[in-house]
Amino acid sequence: MKYQVRSPLASRFLGTTGRTVAYVVMGLFAAMTIYPILWLLLNSFKSTPDFRLDKIGLPPKWFPVNYAGAWTVGEFGKFIPNSLLYTAAGTLGVLFFAIIAGFAFAKIRSRATPVLYGSFVMGILLSIQSVMVPLFIEVNQLDLLLGALFQSLGIMKATSFHLFYNTRLGMILIYIGSGLPIAIYLSTEYIRGIPGALVEAARIDGASFFAIFRSVILPLTAPIATTIAILQVPAIWNEFALINIIISKNELKSLPLGIMRFDGTRMTDYGKIFAALVVGMMPMLAFYVVFRKQITKGVAGGALKG
Amino acid sequence: MELALRRRAEEQRAYWLFVSPAVILYALVLAFPIVVSILLSLSNYNGGLMFGGKPWSIVGLQQYGKLIHDPQFWLAFRNNIYIVLISAFGQVPLGFVFAYLIYRKIVKGGEFWQAILYAPNIISVVVLGLLWKMIVNSNGLLEDVLNRLYAHGFLGSLNHVFANGFVMSDDLVRQLIKIADPGALATFSDPFTDLKDFLAGYTPDQLSVLKSDLTNLLARRWSPEFMARPGVAMLPILFVFLWCWTGLYLIMFLANMQKIDKEIIEAARIDGAGEGQVLSRIVLPSLSGVIANAVILCIAGSLNSFTLIWAMTGGGPMNVTEVLSIYMYRTAVVSVNYPLSNAIAMSIVAFSLVLIALTKLVEKRWGGRE
Amino acid sequence: MKKILFFALVLALAVFLPMTATAQATPLKFLYYADATQAGYQEDMDEFIQKFKDDNPDIDLQVEILFSQAYHQKLGAYIASGQLPDVVYMWPTNRDSSLLLHSLKLVRDLKPLLGADFLKPFTASALNPNAQASKKLAELPQSFTYTTTVYVNKKLLADNGLTPPKTYAQMKAMVTKLKAKGVQTLLLPDGDQWPAQSCLFSTIAGRMVGDVFTDNLVAGKAKFTSPSFVAALTFYATLFKDGVIDKNNMTMGYGDGPGLLASGKAAMFVDGDWRVGAYLTDKSTGQALIPPDNQATDFVFINFPAIPNEKFPGVASGIAGVGLGITTAVKPGSDVEKAAVKLLKWYYGPEVQAMKLRTGAFIPTRTDVLNFEGLEPFNKMINDYKNTLKPSYVIDGVWHPDVFNVLNAGLQAIGLGSETPAGLAKKLQAAQDGLPK
């Protein structure tokens, strides 16, 4: 390939001016990131009246009791384990079902694929807000149907049957279901990029598809799995609208619902709210710090096309 | 022949075994409710028992008709478009530029920048919203700073007027009216007499107090209406969007850039290629697919964005920063008008489809080889 | 293979685990509305809910506590799916989810359920069925709220040679002096849009056009564009023109108000009577926005001053408060009904209502618990103030939401100067005309 000689103007632009501009903008963004975290931490130690009088300055008096108050009132001790369960199970579930389905869509020919895969891709555009109420009704109806079925089969006598509505299992299934569209899109695209020859070779050797999945495909999907996990984990951890509708029992609620308790439109207890927000942010921060390396490797792999 | 058939059957079995769980879950969790949602958007359902209660029926595209004539709907749509634009033409290019700069080591400290620029995704939107309100809203930082600036300027003019001390006279009053802010004067029914009466309450040795009081009274003050106009009000939100998600695209692009075979770039540089050509001939084409994906993710995210805007402005003031998803929420919860709300939801899907189709078209035209 | 087995096992467990034996206790489903940051939340949990559970082992109280939008969304979902709880927290008017409760007749009349004897200590305004949208005692208002209270820093006024205003002219005359000292005359944080309508304009309308006219507006017999109503909107606009209310209030957050009054940046502040709670001592930290010692000496609560050309002097917008209601999911004569009535009688009984007063949650309509000893001065001051008032309508309790939402946005716009009284009147009429018949 032939290239033109580098023009002096271009090189100068990419030199000092460009560099300075870049540093300035990035620095601005970085400062905008650090400041809110600092501000939140500081203000979580202010009492509410003190906050009302001065929103920006340092706390005149320090009240770590805000944290104790937030923890008890928000019932974080109960809700954090629930959040951990929903996030872990939800993410693992999405990973498993999406990758195995992605394998099928990408490597096994079938006439059903355009329709099925296409509908998953459409699903990316849906927002969960619009389906909340119908979903709620559907989940209830499912339980009623199943309950009636079991009753008629004589397995159960109880009239109140809860398999999906207001149960952890139901919530986890819902989270998995709502994460599937984007996960299947990403995994299918990715697996398409895995050379078909690998699969062919294994087939010739007589391996079953499941064995191929386990030993050939799965090891190669680490990058895309990380991508999907990175999208899913914060999404489930911070989710509150859906779980608010589906779950009514207090013991099953998640952390965001606990934090939501502090939204007083009439008398906001800022002290406790900020303490609650710090508590809510910590797990995500930890997750991010721990998985930072994975994030860099993972996000890329997933977005690779072709 | 038989072997091939058996293999085919095994293939199909595996296929269905693998996709069924996902398909069933998807159908139950999303597909079925969406169908109900579409039905609702075409119906006259009016609250109350959805199934088994008062029967509601499909009445057609009434709600959609209402939306077409609804100025708020189009305002919200315009706001969504602004967000799509800032995402597609702001976050994505900026993320790309940063990624390129880091990749080509034109800036130092890549690891640090990667980490810090992605971090906004972790901060709770509630915090962002609160902070932002504290800066931009009334009684906030911006107002404070601007008012101080105005006061400082006004004090300067005051010092001129009172250069020879405080001597009461009609001329003094006229001078004050001249330097005063028109907005501040508007609250006086008769500026001349009112000011004269006001000044009468001060003695000459109270000059410094008088000056500070006059500043409070007559200096220009920050006013929120500038920011409360449709369009302009979106600017802070767009800026926060830009700041928040550029980091995500940065990481996406950077990681893909790192997959480019270094030797190709080496060879090009040896052949005398300038930085610009490395960019346009090698890097951009390899990443065209990723860029297209990024834009698609962008569009889907932009049209559904809710929480950040809700936290920052709640859609206000006067609903000028409302986006489609907030409007949808408002009609569902506040007015309990499910048909209208679902019609808006369906519109969001329709718009997304159009935008994504456009994106795919553009990519086909100008996309490069891998 | 192993993975599939594993999942199957989990599924099986999940299926069989929830099957518990039928409970002996009567299940009572209670959807309660409480905000963890409000005064008395912990006492509410301990002395109301937990104590009821302890005292009633034969009732399985399944209580779900939500707040604000989460509450309304959930109740809407329950109604749509036929899963109505037994006892709900609701508004007497068509606010949010209560709109469905009233219009679909999903709550029962409390008068026969609670009985005349039980209801004796309650005020007449609480027991008035006409104050409720479904024209019966759907819920028992636990308090009577006046949405207009002018909190005055009389010390600040005195320092400037001023006294609390009795007429609008007096209020207007204060503006110059206060502004010169960097103090706002009347504070009305309207960033959330509803305060201007609920806490100020309702009273203006009540004074200038009156409740009967408002009834006619809602029934379509009178027009929003008629001169008397436009005059009310015009007076509201005058407040901004005269500098009484600074227009930057229109984008001020609702939570910012108390701080400004307490720190002396505003001389007067208009909000509902519930706002008094923001100034009391925060139990967990022991801090108070206005220390109890200063409450009585430096502050006073007054009604909005006399408006020029007002037809109904001295009224302030007030509305029956929220309370608990029993839904139609509770069948007459059932055990659940007995349990529900027991819960309500406990809630509205002397112990719990006295606790509500003590913690500053609200001032009960149950008159035999109004003992202010040992409480901070603001509590008694607000009660005394309320006793001097005559109520008029609160607009969002009477108008249809589609219309008062236009009013909310419009009042904010008038404050900012981007809308005129006549223009808003036209928009309101259009909204009213566009309502389904």
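Order as written gives the chain letters A, B and C; numbering starts at 1 within each chain.
The criterion applied here is as follows: contacts are C-beta pairs under 8 Å (C-beta built on N, C-alpha and C of every residue); 3 or more make two chains touch, one makes a residue touch a chain.
What you are looking at is a predicted structure, and each value in this text was computed from that prediction instead of being measured.
J.: Of all the chains, which has the CA centre nearest the overall CA centre?
T.: Central chain: B.
J.: Pick out whichever of the two, B-C or A-B, is joined by more C-beta pairs in contact.
T.: A-B
J.: Can you name the chain that lies farthest from subunit A, using the mean of each chain's Cα atoms as its centre?
T.: C
J.: Compute the distance, rounded to whole Å, between the mean C-alpha positions of subunit A and subunit C.
T.: 37
J.: Based only on mean CA positions, could you tell me how far subunit A sits from subunit B in angstrom?
T.: Here subunit A and subunit B have centroids separated by 21 Å.
J.: So how far apart, in whole Å, are subunit B and subunit C when each is placed at the average of its C-alpha atoms?
T.: Once rounded, the distance between the two centres reads 32 Å.
J.: Indicate the residues of subunit B shared as contacts by at least two other chains.
T.: 50-51, 332, 338
J.: Which residues belonging to subunit C are in contact with no fewer than two other chains?
T.: In subunit C, residues 73, 76, 80-81, 192, 256 touch at least two other chains, as defined above.
J.: Can you list every residue of subunit A that touches 2 or more other chains, as numbers and ranges?
T.: Residues 132-133, 137, 141, 210, 273.
J.: Could you list, by residue number, the parts of subunit C that touch subunit A in their complex?
T.: Contact set of subunit C toward subunit A: 1, 3, 11, 14-15, 18-22, 35-39, 41-42, 62-68, 70, 73-74, 76-77, 80-81, 83, 192, 254-256, 258-259, 262-263, 274-275, 277-278, 282, 284-289.
J.: Which of the residues in subunit A come into contact with subunit C in the complex?
T.: Residues 47-50, 52-53, 61, 63, 65-66, 69, 73-74, 96, 132-133, 136-137, 140-141, 156-159, 161-163, 167, 169, 210, 240-241, 244-245, 248-250, 257, 260-273.
J.: Of all residues in subunit C, which touch subunit B in the complex?
T.: 69, 72-73, 76, 79-82, 96-97, 99-100, 103-104, 175-176, 179-182, 189, 191-193, 241-243, 247-253, 256, 260, 401-402, 405, 409, 412-413, 416-418
J.: In the complex of these two chains, what residues of subunit A are touching subunit B?
T.: Against subunit B, subunit A makes touches at 1-7, 10-11, 14, 18-19, 22-23, 25-26, 29-30, 32-37, 39-40, 55-56, 97-98, 100-101, 103-105, 108-110, 112, 116, 119-120, 122-127, 129-135, 137-138, 141-142, 173-174, 176-178, 180-181, 184, 189, 203, 208-210, 213, 234, 238, 259, 273, 277, 280-281, 284-285, 288, 292, 295-301, 303-306.
J.: Given the complex with subunit C, which residues does subunit B contribute to the contact?
T.: Interface residues on the subunit B side: 47-53, 133, 137-139, 143, 186-188, 194, 198, 213-214, 216-217, 221-225, 227-229, 314, 316-319, 332-336, 338.
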